[in-house]
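What follows is subunit A paired twice: with subunit B in the first complex and subunit C in the second.
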Partner chain A sequence: MRPLTEDETRTFFEKLSKYIGENIRLLIDRPDGTYCFRLHKDRVYYVSEHIMKRAANVSRENLISMGTCFGKFTKTGKFRLHITALDFLAPYAKYKIWVKPGAEQTFLYGNHILKSGLGRITESTSQYQGVVVYSMSDIPLGFGVAAKSTQECRRTDPMSIVCFHQADIGEYIRAEDTLT
Partner chain B sequence: MVALFPLKSVIIIIIIIMATVEDVLESVTQSQASKYKTIEVQKDIEPQLDLGNLLTVDQNPLDLKKLRGDKEAYLKSQARDNTQLLFNAIWKLPTERVEEAICVKLPETTTVLPREKPIPKAKLQTKWEQYALLKGIQKRKKGRMVWDEEAKDWRPRWGYKRANDETKDWVIEVPGNADPNEDQFEKRMKAKKERVAKNELQRLRNIARGTKSKVPGVGLTPTEKPSKEEVGLALHLAKKSTASLGKFTEKLPKEKEAKHVGKKRKFEPAIGDFKKEKEQQLNIINVMENKKPKMDITKAVNRVMTEVDQEASSDDRRKRAGKVKNRRGPPRKKGSGGFGKKGSGGFGKKGKAGKGKGAKGMGGKGKGMGGKGKGKGKGR
Partner chain C sequence: MGRKRPDPSEAQKKGPGRKARKQKPPQMPRQLLQQEGGSPKILSSRQKQRLAKRTQKAVNKATAKESQKKVPVTLGLTQGQKRPRTGSVSDSDEESISEEEEEDVEEDEDVEEEEEQEEEEEEEGEDEEDEEESEEEEEGFTDENKSWLRLAGKKKKLDLDDESSDDDLPADEFLDEDEGSEGEEEEDEDSDNSDDSSDDDDDDGEEQEGDEALLPIEKASKKLRKKQQREEILAEEELRTNIAEAETFVLPSGQEIEKESVQPPDLTMIHLRIQENMAVLKDFINKRKDDRPRKEYVHLLQKDLCLYYSYNDYLMEKIMQLFPLAEVIEFLEACEVDRPVTIRTNTLKTRRRDLAQALINRGVNLDPVGKWSKVGLVVYDSAVPIGATPEYLAGHYILQGAASFLPVMALAPQEKEKVLDMCSAPGGKTTYIAQLMKNTGMLFANDVNKDRVKAIVGNLHRLGVTNTVLCCHDGRHFPKVIGGFDRVLLDAPCTGTGVISKDPSIKTNKDDADIKRHAHLQKELILAAIDSCDAKSPSGGYIVYCTCSVMIEENEWVIDYALKKRNVKLVPTGLDFGKEGFTKFREFRLHQTMKLTRRFYPHTHNMEGFFVAKLKKFSNAIPGQEPNAKEGEENSETSETPTEPSTEASASSSPEKRSAQTTSPTTKSKKNRLFWKNKKSGKSPDLPKAKTFKGQQKAGAGKRRKGKQNTGNKKKQKKE
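Entry: the complex of A and B
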C-alpha cells in the first residue's frame, strides 16, 4: 500500500473529473475526517485515515481490500474506474442519463444504451462525456460515456447508441470474484 | 486278370499310359504358367515410371464393370501388373553383385516431391552489405597471401605473422606535431585494439538487428569525438565501476550529478503527512482546471444548435399562427411539408382555411393543390 505518485494522481484525477468535474475537491477536502487515496495491487482505494492506519498492519499479500475501490491502473498505465466507485460518483455527477424502465435490464446486463431506452439526459452533455446512468426512479445503475451529445440525441434514430456502457451494478453479480 | 490279357493289348495300354503322362505333364506346366503370371503386362497407356522413387503412375482408366464386381481382386491384379512393370524396368538397369546380393543403382528421381521443412529464410544483410548494395559496390576477390617487401616473402594479409604489420615496426618516426613523450608504439597498439573492438561491436549489432534483440553491452562505444553527454556518461560509469558501486568514489567539490542516468523510483510513505498530501492533490486539480480551454467548442456549437432549433420552431409556430390569422396572403412555398401537420391538427378551423385557399390555389402546383383539396373535403 502506498500513496499515488504525481503522475498516477494526474491520470486518476483526469479520469475521475470526466464524471464529477471539479467535485473531486469534495472527496479530498472533507469536513468529516481525513480521507485519502491509496494504491494497493494496482488498485486505488479511497479510505479514511483511521481505516487506512489499521489496514497498514495487514501484510501486503493478505490485504484484499480497504475502504472503497475506485478502480485500477492497467498495465499500460491507464486508469479504469470500477463499479464500486459509483457510490462516490453518483452524488457528485455532473452529467446524467436516465434510463427507461424497459431498458434498465439490458443496461444491467452490460449493454450500451440505445436511443429507445433513453428517458432523460442532462442538457448540454457533449459527446464522449462521462455520464452516470440512473433509473427513472433516480437509482444509480452505473456509468458510461455519452456516445452522442444531447443535441444529436434528439435527431438520431431509436436504434442508435447514445451511451457506451462502462460499468453497471449488475457487475456485483457478474464480476463478483474480481471486484474488491 | 492282367495275365489274361494278350500281349498286344498290353502294349497298347502302355502307349495309352505314356500319352496320358505327357498330357498330364503339359497340363501341369500350363496350370503352373497360369498360376505364376507372365512377366509381360499389356497396358493401353504406358504407365509412367520413376525408378528413383520406385514409383509407378498408371493413368489407364479402371474397368468399371470389374471394379463393381470383385473390387478387391481387380485392384490387386492392377497393383500386381504395375509392380511387375516396375520390376521389369529395374531388371533392365545394370546390375552388380555385392557380397552375394544383386544390386542396382537407381537413377535420379524425376517426380518432384514437396519439401518437408519451409524454405530457409534469407540471411539478414549486414549494415555494410546494405550500403554496398545501395551504392553498387562490388565485392572483389583478394588473395590471401600478400608480398611483404621487408621480409621478401609471401605472408598472409591478416592475422598471425601478417604482412606489413605496422605494430611490429622496431622504430617509428615521431611526427613533427606530436608530443615527444608520447609512446608511438603504444598508440598504434591502442588504435588497433579500438578498431577490433569497433568491428566486434558492429558484428554484434548486426546480429542484434537480425534477431531483434538489444545490442549487448551498449554503455559506451568507441567514437571519434565523444559528445558532452557521452563523456558525462563515461564518467558516471567509471565512477560506478567499483566493487562498492561507487559508494566511496570521491567527488569533486562542485560536481554536478550526471544527466540521463537511471533514477530510482521513490514513493511517499503510506502513513505520512496527510496535510501535505491533500495540498499536493488539490494543486494537481488546480493545474488541471487551468489547463482546460476556456471555451468548450462542442458545448458552444451545441448551444448555437439549440438556438437555431428554437428559432426555427418558434418561427414555425409564428408562421402557422400567421396563416390562420391572415388567410389571404399565405406564402405558397411549403407544399406537402405543411400539410402533414395540418392534417393531424384540428380539422374544423383548417378546413375553413383550406376552403379559402383551395379556391385560390387552383393555379398553384399540383402537390400543394391536392393537399389543400383534401383538407377542404375534410372540413366539410
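Entry: the complex of A and C
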C-alpha cells in the first residue's frame, strides 16, 4: 500500500472530475475526518486515515480491501472507474440522467440508454460528459457518458443512443470477480 | 315395461345378419319354469323335518325380535314391516315345500359362493341365488363346512317387497338379519360370504314366492345394495381389528430383518414402523412385548430413522442422544424442509418501512421477521427474484438467515469501537456490524479462504460499508497481525448440523473424525479470538462465539475449554429467546454458567440450528503462560501502533501486563494444563498455543495459509 504518485493522482482526478467536477475537494476534506487515497495492487482505495494506519499491519498478500475501492489502473496507466465508487460520486454528481422504469432493467444488464428510455436529463449537459444514471425513484444505477448534448437529445429519434454505459450496479452480480 | 317374455314358439334367428345379433331372451332356471305350472312337490322325511323347524323358528323369531338389536347400522325399521313377516312365515310354510327341494342345490351353491368373490357371483349366479336356501334354524349345513358356515335368516314375504320401495331395500336386508336365527347374528360377525349368500337367498326366496313382480334386473340391484351395506359393516369391523393389531407392535424377527435387508426399503412401511415404535417407547411399561429390552426398540428405531431420512448411523446416534425421542422426529422433519427466506435491511441506506414498501410494489410478499429484530423481513413469495431487484443491487438489503442476526445482536458493537470478525465470509454479519456502528470506528474482517473473501468485497461495497479492512489470514494467527480489539466475533467453521436443510450431504458425510477436527480448530480459534481482544477496553472486552451446529462437542465444550484456558467469563447474550445451553450432558459436567449460552433449533424456532455464547475478558493475563512469549507479543503490539490514540489502551496495558506477569504466583510449565473433569474419549485437550512466535515483528507470517504463496512474493518483487 502506498500513496499515489503525481502522475497517478493527476490521471485519477481527471477521471473523477469528469463526473463530479471540482467537488473532489469535498471528498478529501470531510468534516468527520481526513480521508485519503491509497494504491494497493493497482487499485485505488478511499479510506480514512486511522483505518489506513491500522491496515498497514496487514501484509501485502493478505490485505484484500480497505475502505472503498474507486477503481483500478490498467496496465497502460489509464484509470478505470468501478461501480463501487458510485456511493461517493452520486451525491456530488453534476450531470444526471434519469431512466424510465421500463429501461432500468436493460441498463442494469449493461446496455446503453436509448432515447426511448430517457426520463430526464440535466440541463446543459455537453456531449461526452460523464453522467450519473438514476432511476425515477432516485436510486443511483450507475454511470455513463452522455452521447449527445441535452439539446440534441430532444431532437433525436427514439432508437438512438443517448448515454454510453460505463458501469452499473448489475455488475455486483454479473461481474463479482472484477471487484477483486 | 320391459322386454316381452319370449315366445317359445319363435325360433332363434341364426346367421350373420342383424337380427341374429339381438340379445337372447333371459334364461329362466328350470325350477322356476316348473314351479309355475307344477303341482306341490313331494317332500322327503328330512325335508319335512326341516320345514317344521323352519316354521317353529319363524315363530320364535317374531316374539324375540324386539330384544335383538345387534345390527350396527340400523335403518329405522318399523314394526309394521316386521309384523306381516311373522304372518308371512305361515305362508311360507306352503311355499317352503317348493324351496326344500332347492335346498340341496342351495347348499352346494352356498359353498361355491363363499369361495368366490361376492361381486362376481352376483351377475352370474343371479338366478340360481334366487332359489337358494333360506333360513333354517338348523344348526348349519351338513357338510364339512358346518363348523363355520351359518345359514341365512327368514325369507321375506312378497307383500313386504311390494310395499317396500327401493329405499326400504336396505331395511329389508337388516330385517332379515334381525329375524334370522342366532346363526344369522353370528354370521354377520364371522364370515362375509355366508352372510351374503344367505341374505341373498332370503330376499330372493321371498321374491320368488310372490308374483315375480320384480324383474331379474331389479333383483340384482337389490342384492347389490344389500351387499354394499354388508361390506360397510364389515369394513368397520376390519378397521377396528386393524387398530387392535397396531396397538401390539412386535419387533421384527431376525428372518424378517434379513428379508428386509435384501429387498429395497419400503418407505411407507418403515414410516409406519417408526411411528408404532415411538408409541411403544413413549409408554414402554405397558406396551412392551416379550420382555425385550428397551435398547432393542431404540436400536430398531434408529435404523429405521436412518433409512427413512437418509442419515448415517453416527449422526443419527448423536441426534438421538441430543434430543428426547419426541423431538427427534420433529428435528428430522424440520431439517428436511427449507427455512423461510429472510432479508436484512441496510440501515445505512434505507429504512425497513421504505424498503418493505418498495419491495411490495415490486410484487414481493413479506412481513417483519418478529419482535426481536427491527431490521429483519421474512419473504414468503416473490414475483421477482429477490436476489436481483434494483433495491438489492443498490444495497438496500442483503439476504441473510434469521439465525445470523443473533450473534451480531449479542455482540452489540458500539460506534467508534474496534471490532474484529474472524471468519466473516460471505460478509452478512460483517455488514450488520458495520451498520450498527454506523460506518464509524474500525472493523476488521478476516477469512482464511481467498475465494470466499472476494464475496465479502462485493457485499461490503454494495452495502456501502466504508470503515472495514478486509484481510485473508488464518484466524489462529491473527493476534500476531493486530490485537487490542474492543469486540471480537467468531463464527467458527463447524460441521453444519444445524443447516442440514441447506446442504443435505451433511447427513451422510459427517463422522466422528470430522467433529473432532472441527472441535480442535474451534478451540484454537477461540483462544486466538480471546487473545485479540483487549480486556481493558473502556466499552468492550467482549467475545461472541457462535456456530451453526447443534453438536455439544462444537459448542459447550469449546466454551468450557476457553473458560479453563483464559481469563474469561460467560455473560448473558441479551437474546431473550432460545433454549439454554447444556450444563450437563450424559456423563459430562460443564461449567454452571453455561446456562447463559443460547441454542436455537429449526423445529422450535423456525430458524437454522445455532449456538451463541458471549464471553467477557476480565484480564489480559493468560493463566499458565510463560513470560517470554508474553513479552514478545507485547513488543510487537507496541511497535506496530506507537502513536495512535486508540492504542493508548493497549500501550498502557502492556506495562500492566508485564507487571501482572511478574506478580503471577507461579510460572507453570506449558504442559501443566487444566484437564476436563471427565476426559472425553480419544483426543486429549492438549493444543499447540496460538502464540508460538518469538517476538516476530512481521505480520501475516502464518504457516498454514491457503492460496498461492510463491506468486505473491514474485509480484512483490516486481512492483515495489
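As a working rule, the second predicted complex is superposed on the first by the 179 of 180 C-alpha atoms of A that agree within 3 Å, B and C clash if a C-alpha of one lies under 4 Å from a C-alpha of the other, contacts with A are read in each partner's own complex, and residues count from 1 in each chain.
Criterion: contacts are C-beta pairs under 8 Å (C-beta built on N, C-alpha and C of every residue); 3 or more make two chains touch, one makes a residue touch a chain.
These figures come from a predicted structure and were not determined experimentally.
Undergrad: Will subunit C clash with subunit B on subunit A after the two structures are superposed, or do they fit?
TA: Once subunit A is superposed (C-alpha atoms), there is room for both subunit B and subunit C without a clash.
Undergrad: Mind working out whether A:141 is in touch with subunit B, subunit C, both or neither, as first, second, both or neither?
TA: Only subunit C is touched by A:141; subunit B is not.
Undergrad: Report for A:74: first if it touches subunit B alone, second if subunit C alone, otherwise both or neither.
TA: After superposition on chain A, A:74 lies in contact with neither partner.
Undergrad: In the combined three-chain arrangement, what's the angle at subunit A toward subunit B and subunit C (CA centres, steps of 10°)?
TA: Vertex subunit A, arms to subunit B and subunit C: 100 degrees.
Undergrad: A:84 in the overlay: touching subunit B, subunit C, both, or neither? Say first, second, both or neither.
TA: The answer is second: A:84 touches subunit C but not subunit B.
Undergrad: I'd like to know which partner A:116 touches here: subunit B for first, subunit C for second, both or neither.
TA: neither
Undergrad: Quick one: classify A:53 as touching subunit B (first), subunit C (second), both or neither.
TA: After superposing on A, A:53 lies in contact with both subunit B and subunit C.
Undergrad: So, does A:179 touch the first partner subunit B, the second partner subunit C, both, or neither?
TA: second
Undergrad: Decide which partner touches more residues of subunit A, taking subunit B and subunit C as the two options.
TA: Comparing touch counts on subunit A for subunit B and subunit C gives C.
Undergrad: Determine the nearest approach in Å between the Cα atoms of subunit B and those of subunit C after overlaying the two structures.
TA: Nearest C-alpha atoms of the two chains are 9 Å apart.
Undergrad: Taking the stated contact definition, name every residue in subunit A that is touched by subunit B in one complex and by subunit C in the other, in rising order.
TA: Shared contact residues on subunit A (touching subunit B in one complex, subunit C in the other): 2, 53.
Undergrad: Mind listing the subunit B positions that touch subunit A in their complex?
TA: By the definition above, subunit B touches subunit A via 265, 267-272, 274, 277-278, 280-282, 284-285, 288-289, 296, 298-299, 302-303, 305-306, 309.
Undergrad: In their complex, what parts of subunit C are in touch with subunit A?
TA: Residues in contact with subunit A: 358, 387-388, 390-391, 393-395, 442, 444, 453-458, 460-462, 464, 466-473, 481-482, 640-641, 644, 646, 698-701, 705, 707, 709, 712, 716, 719-720.
Undergrad: Would you pull the subunit A residues touching subunit C in the complex into a rising list?
TA: Against subunit C, subunit A makes touches at 2, 41, 46-48, 50-51, 53-55, 57-69, 84, 87, 104, 108, 135, 137, 139-141, 169-170, 172-173, 176-177, 179-180.
Undergrad: Would you pull the subunit A residues touching subunit B in the complex into a rising list?
TA: Residues 1-3, 5-6, 9-10, 13-14, 17, 22, 24-25, 28-29, 34, 36-38, 49, 52-53, 56, 124, 126-127, 149-151 of subunit A touch subunit B in their complex.
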